Amino acid sequence: MEHARLQLVNKLFNDRPKSYKYNLFQMKLLIDRLTQHYNLTDYKQQRHNLAFVTVDKQLSPDIITHLRDYEGFSHFVLLSCVDWIEDDKLQLTYLLNQPNHKYEIGVRVLIDRKNPEMVSLHKMWKQIWTYQRELHEAFGIIFPGSPRLEENFVLEGWTEKPHMLRDFDTKEYAERTYFPRPGRTSNDPATYMREKLYPNQPVTAKTNKND
Amino acid sequence: MSDLNINQKVSEMLQRSEANAQQDEKTFVRPEDELREVVAPDGSIIKINPLYDYYSGERPQEDKPKNAIVEKFLNWARSESIWVLGFGTGCGSIEIPPLVTPRYDMFRFGVQMRATPRQSNAFIISGYLSVKTLKRVIRSYEQMPSPKYVIALGSCTINGGMYYDSYSTINRLDKYLPVDVYIAGCMPRPEALLAGFGELKRLIKEGKGEKANEYARNFDEYKANQKKIIKDWNMPDYNW
Amino acid sequence: MNIKDIFTPFTVWSSVLKDPVTIKNPIGREAAPRYRGFHYNDINACIGCGTCEAICENQAIDLVPVEGIVTKSGDSGLRPMVDYGRCCWCALCVDICTTASLRLTNAYTWVDTDPDNFRFIPGVDKKDWDEVQLGWRKPEPNYSFYGLHRQHMGELHAEDRKSSFIEFVQGYSKEQAQQEADRCVSCGICVATCPAHMGIPEYIKAIRNDDMEEGMRILYETNPLPEICGRICTHKCEDVCSIGHHGDPLSIRWLKRYIADQIPTDVNTYQDILGTGNLAKNGKKIAIVGSGPSGLSAAHYLALLGYSITVFEKLPAAGGMMRYGIPEYRLPYDQIDKDINYIASLGVEFKYNITVGKDITLDQLSKDFDAVFSGTGLHLGRSTRIPGSDNENVYQSVDLLRDIVTGKPVPVMPKVVVIGGGNVAMDITRSMARLQMEKYGKVDVLATSLEDEDFMPADREEIVEAREEGCTIVPGYGPQEVVLENGKLKGLKVWKCLSIFDENKAFNPKFDSAQERIFEADMVIESIGQGMDLSYLTEEIKSKIEFNNRGRIVVDADYQAKGLPWLFVGGDIIEGPDVIHGIANGHRAAMGIDRFLNG
Amino acid sequence: MINSFLGFKPDRSLYPKTNAEGKLEIDLSSHQYTKLWLGPNHPGVTGNMAMELTLNGDEIVEGKTHVGYLHRGFEKLIERRLFVQGFPTSIRMCVAEPDTNEYLIAACTEELSGYDKQVPEMAKWLRMLSLEMARLQGLLRGVPGQAGTFSLGIGVQWGTYLRDLILDRFEELTGARVYHMYIIPGGVRGLLPDGFKDRMEDNLKEIDQFIIKIRKLIFNNAVFKTRAVGLGVITPKMVDQYGIVGTNARAAGVKRDVRKDNPYLFYDLLDFDPPTATEGDVYARTWVRWQELIQTVDLIRQIMAKMPEKGEIRAQMPNVLNWRIPQGETYVKLESGRGEYGLYYVTDGSDKPRRVNLRGPSYTHGIALLEDMLVNTNIADVHALMVSLQVCPPEIER
Amino acid sequence: MSIYYKLGYTLLGLLIVLNWGMLMSAIFRKIVARVGGRYGIPYYQPWIDLIKNLGIRTTLSHGIMFYLGPVFRFTGAVGLFLFMPVLFGNEAWANFSFQGDLVLILYFQLFGMLGMALGAGEGGHPHSAIGISRGLAQHAAIELPMTMGIIALAIQYQTLSISDIVAAQQGSVLNWSIFTNPIAGVTILLAALGAMGHSPFNLVKAPNEIPIGPPTEYHSTFLGILMSSGAILHVMEAVLFMNLLFGGASNWFEMILKTFLIYFYSVFVGVVYPRFRIEQSVAWFFKIPLLLGIIAILMYSF
């Protein structure tokens, strides 16, 4: 029993590298081909079957169309957005899957956070308008021409700023709106112990008054 | 119909909608709920105000129990025949199917599921309520005939549960609806739910299942709370 | 559509004759043994550390005071209160519970009509499931949310270290320090236990963030002697460390040392980091008697507040017991200098070789200065006063240790017996071992203490390391007589000690004379505690201030002597003896002086 | 059927015209159309979702799905929680198979922090066991549930009972019935209890009998065939157009299974071949799921036979309260009962994630695909369609 | 027998039928529960439900027809009872049956449905409207083959009186119409599947699609009336088929047994099949039972 199990595990670790290498090789070829045509930055091989690249906003529809039509990335997995509030950017991630070689590529597009607008790809895949509708509600990104963009997606009568932006504080909003049950107080063990054990001592240290 | 009449109607409609707008500035009305005129097959024009034409305009009234002995008998019947509205409002509703299937079989205890609020007596709020659902829950609850009971499942209904800081879910159910029984758990097991039904039966038999009257009594307070968080209150106040 | 499709479905009717599979009495059916039901807390084991509160993603747990549970060292007196309007029964609180007191029973039925009832203190508020034993418990050690094992600190091998006075503990590398710091759960139980209330979780966090300058600033908020403290502190914090209940306590002392070690030995760097480059003076003058930890601490904080400080030290260098009482292998002199140089760089004036009471009187100081802080410490050895203890070969450990530092010739004999089980006894034991090694090439030192091994006041690792270095430690014996033969010291007669304290908790040891042993020795060193030398106080001063029944000066919370407003007293003569109490006293006295002078 | 039987062509004269933009011109006041809301208060709709239907007679001319009734803002909430705190929160994203969420959070955090190689072998087997058990309990509801949408309730009764037995096993293994919170970053939270395998085997034997019974009841049922065959056809061409995954794609003849394509855990050590069909209608989807039920039972047996008796269950990880993950992003996916289920995870070097985005199969199945499939179907078939696509609303709105 | 006695017997009979109907529905719900492996409701549950519904405090109406709907339905059920001989050979239990009551009975079957249609339409709920339109369509499809079968029997026995048809079947089991005229019998039995309101022909009340069809808006006392009229209807429809095909009943025990078995037949089928869509069920009725009905009529017409 134990022996058989060990054999299985050995088989796993002997066989797996083959597919790893195959995938890695295919991805390397792909990136080589892409770099001939387009300017890719921040290329990162996250896993043997997953890589991320950053592309220019203007070029991104071209690249995604190219990937779909010539590289076989026919399965659209995900459109997501990350708020890099420190850099004042929104990162759109288009994740595409190549069903034959079984690997994925994430195309990152950085757009301006103050004026978030992106070309709508709803004609390329039939489900994209859903993502775009959600991102419009959650991040306030405008996709001109995307169907039903202005319709409510998950929220109703929302009057605050888009809820997934980093500077929307959900806890503060919840406390302001939904009144948590009152009567709860907690104590920090360190301060509480000091107050109990040394009631007369000054709590904080004083430093130079001139500072 | 002359132009004068139409102008008059339009100005009336405008006045009405302005009056509505002044009542509550936050109210916004969906296109299909707006005042409109419909041409009937015979050519006459029918004026429709969907929000006020389709619903009753009466405040809810308290239905006080009248004859003590009769009421006691009826309470017994009510406790032994609890019809639950089949409205899965949250994740706790995943534990309802085990209850109506062989393992737990709540039919034995006189508890049955019902598809329409008009025929239901008990409302299971199965956990968290997003504001969007709360709006529907209020309507369903108000459509239920009195006496009616609310069973609240899990932490989320008591104090927000794990969604205490969510912008989308309410924290305390008792602010918006009167709750009869709370069951602790996230989510409560079917056994705990059955125990909750047991407790509800006991309450009804003791004549304490009168939360529907409490709702009617404190109607203004509940409505104020509900309106505070439901931003697009595009429904009438009374849904009976 | 074929005919089979019409008739096959009717086979389901075969189940109509079978018994239903329904559970007959579902209400209250017992859940699985590992089920995560309602909380129970063993309140006697709980220390109120609050890690459950920290890990709870729902903020379902509050720490609240509980009647009948007193706050004491290592127990905050708080207990978790659970809000079942928040809980999601994930049991992360159980998995991380440092004392394994919190658990979930497998009870799960709680129906109530009042939503406010779902808030309770497990273990305190009586619930039906308190007696239930099954349920989710803290898993076994190979699954832990924090590192259970302490990072081992590199140190010299016993054979190497016993032959010299070089510091044998090597300090943490960056990886080690960060991994050790990672184990901290930031509960803060240690903070109140530390006499100086150092911001321990904060500076450990600074290590995790690899921000040594921030760490340094946190250290200096409460402790101006981090290098020294990082080496020789008695680390009461580690004794109460919450993760020490299951696993090794955090090496808080070594982490403190790590921070201090990372900053270069350069007062300018220190001043840059701490922002003390140019301190404004307020023109008031303070005299500080004694440059021990309390004196230095007071000097530091007063200097920060702009006072002009003069420190009077009767010995040729500053540091007090830190320099003259602790052997170099534990606390190298350059590290003492590092801390003291920085304090000196703040404008503190040190006057060495001036004995207050002899070279200058306290009254004079009170006239020359606005206030006086006295931290003169315990520098008098205490004798056992057993027969023969007046022999010339019976020494006091304090004197010997001081002589080792000042470079005076120290008598070293082939067989040494040390009386005492405290840290000082271990210091002299191990110092003598090194001196013997130097002189004779072998170690023969024996230390004996009244207390049993488990109750010896010395730090655990001191005892272990002393043994590693070849010293013999015989706990549980009380010295009765120094055996003399022709006036020459032959050995020490001891009896087995049965109990140390009597019913009234007063010191009154009882011995069993039947279990008698004689330790052969050429030299006996007494190390049973030290006494204070208050001879510098004139009778006039003594009449104004008050003494308590242990002979210590009575002070208020600001360490201001009762009856003499200008005199502040701190250090070992008030509390201790250890370095961290001294530092704390000095700090608080400094604040007191500031309040006294500036209102 | 009546039309084909009597030889009539459907009368499309009353149908709305499409305008130049390809949208339907529906004038509600023309008395030709009815607006009907199915849900959210509707016992037939799985989860809590609404469908806004425009009807012409019994036939739907336009369908819109409305989600958000179960929206809790998980993705926002997880951004406020430590990595370890994220896992009890995240698993509630989908109540049908919560273990998949646990695994995804664990796998993402492990991969980004570099601990994925250190997860002990035993933990991986146990993860696989709990994932397959989750798939099994989902299928036990899903397969008879499809007949339940046509009001064949007996199969649902049996299936839910057997699912309850699996939940009992879950309870033993993980300590909870539905939200197991078992797969934790670094490993799992407990070993198999004593005698677990025997009890599991007993349950599996019962499920074996159930599988045969359900074939006789559902797949050899004349009325079920009448209803399900030819309903809601997915063609292979639609699979990529709509991003269809899982059993829905496999029933259309497109063999995609993450367990085979990108093996995770030890799935490449198991002997299985995902079932497929070619018709792509409701019947084929149910049939594929039924075969998957057989396969899952077999997989659980294989896992229990191949897993070691005991071992370490969790890697030594950093203190959960201080755990920081360097900046990075990843997408981890697995094959849930409903199809490819993935998590896009972005970290920024702090102790909390920067962005978490769940890509559930229902996101495309439940909105874009369902809305297009609703057109020209009968209202009686609406929620049969919805169930056959395995739409789980909480995973759409999260 | 004086009219007063007659009225007394009728009221008593109505009470028996009502209670038997409620008990029968409880028994069948328990049997179905057993197939699913559970216990199901207690036997007394329908009575408690009825009392509960009568004790509901809120009664709100959507208009006069909303009131009248349940009343019509109840009238239909009572009418079925009034003109149906429940027991054969007993004047007291023959109720008000007369020559030609067969036609009236067929009319009363439709009467309840029409009442519901009016009431449900007034209720204003789209589910009611959809349900009732489906119900009427399906009812028409059921009525056609059933009428064919009944006409075939009427032609066979040359009478429109139920009592006469029952009388003609006495003597031996083999005299029952189901054996003497099997094609008409099968036609009626297949149509009965639809009339009894079980799967696969219960799309009208489908809780999964249009919860729960016509009675969606009905509550409290209205629902109580609907429940009791449903109980009576179920028994009386079984009694009709018993009288037409299975030789009637000569005592209460026989009647209970036969109605139980007839009702069991529809449940037996209903448990194992899902439901048809409305156009599928209409097509089905127009296909098999209608053809059989035509054959049955043709057989006796020539």
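We just call them A, B, C, D and E in the order they show up, numbering each chain from 1.
Note that contacts are C-beta pairs under 8 Å (C-beta built on N, C-alpha and C of every residue); 3 or more make two chains touch, one makes a residue touch a chain.
Everything numeric here is computed off the predicted structure, so don't read it as measured data.
Novice: Quick check on the contact network: minimum steps from chain B to chain C?
Specialist: Graph distance in the chain contact network comes out at 1.
Novice: What's the minimum number of touch steps needed to get from chain A to chain B?
Specialist: 1
Novice: Going by CA means, which chain is nearest the middle of everything shown?
Specialist: Looking at where each chain's C-alpha mean falls, the closest to the middle is D.
Novice: Would you kindly tell me how far, in whole Å, the mean C-alpha position of chain E lies from that of chain D?
Specialist: Each chain's C-alpha centroid was found; their separation is 42 Å.
Novice: Based only on mean CA positions, could you tell me how far chain B sits from chain D in angstrom?
Specialist: 30
Novice: Could you please state the distance in Å, as a whole number, between where the Cα atoms of chain C are centred and where those of chain E are centred?
Specialist: Roughly 89 Å, centre to centre.
Novice: Between chain A and chain E, what is the gap in Å from one C-alpha centre to the other?
Specialist: 61
Novice: Mind pulling the residue numbers of chain A that touch at least two other chains?
Specialist: Those would be 154-156, 163, 168, 170-171, 181.
Novice: Indicate the residues of chain B shared as contacts by at least two other chains.
Specialist: In chain B, the residues touching two or more other chains are 86, 101-105, 108, 115, 132, 158-160, 162, 164-169, 172, 186, 189.
Novice: If I count partner chains per residue in chain C, which residues reach a count of at least 2?
Specialist: Each of 9, 12, 20-22, 31, 57, 83, 85, 88-89, 115 in chain C touches at least two other chains.
Novice: Following the definition at the start, I'd like every touching pair of chains, please.
Specialist: Final set of chain pairs in contact is A-B, A-C, A-D, B-C, B-D, B-E, C-D, C-E, D-E.
Novice: Considering only the defined contacts, which chain C positions touch chain D in the complex?
Specialist: Those in contact with chain D are residues 1, 4-6, 8-9, 11-12, 21, 31-36, 51, 54-57, 88-92, 95-96, 104, 136, 139, 142-147, 181-186, 205, 208.
Novice: Okay, in this complex, where on chain D does chain E touch?
Specialist: Per the stated touch rule, the residues are 1-3, 5-6, 34, 36, 42-44, 58, 147-154, 157-158, 161, 217, 221-224, 226-227, 378-383.
Novice: Applying the document's contact rule, which stretches of chain C touch chain E when the two form their complex?
Specialist: For this pair, the touching residues of chain C are 9-10, 12-13, 15-16, 18, 20-22.
Novice: If you look only at chain E, which of its residues touch chain C in the complex?
Specialist: Chain E residues touching chain C: 31, 33-39, 268, 271-273.
Novice: Of all residues in chain E, which touch chain B in the complex?
Specialist: Where chain E meets chain B, its residues are 29, 33, 36-42, 45, 48-49, 51-52, 55-60, 124, 127, 207, 211-212, 215-220, 223.
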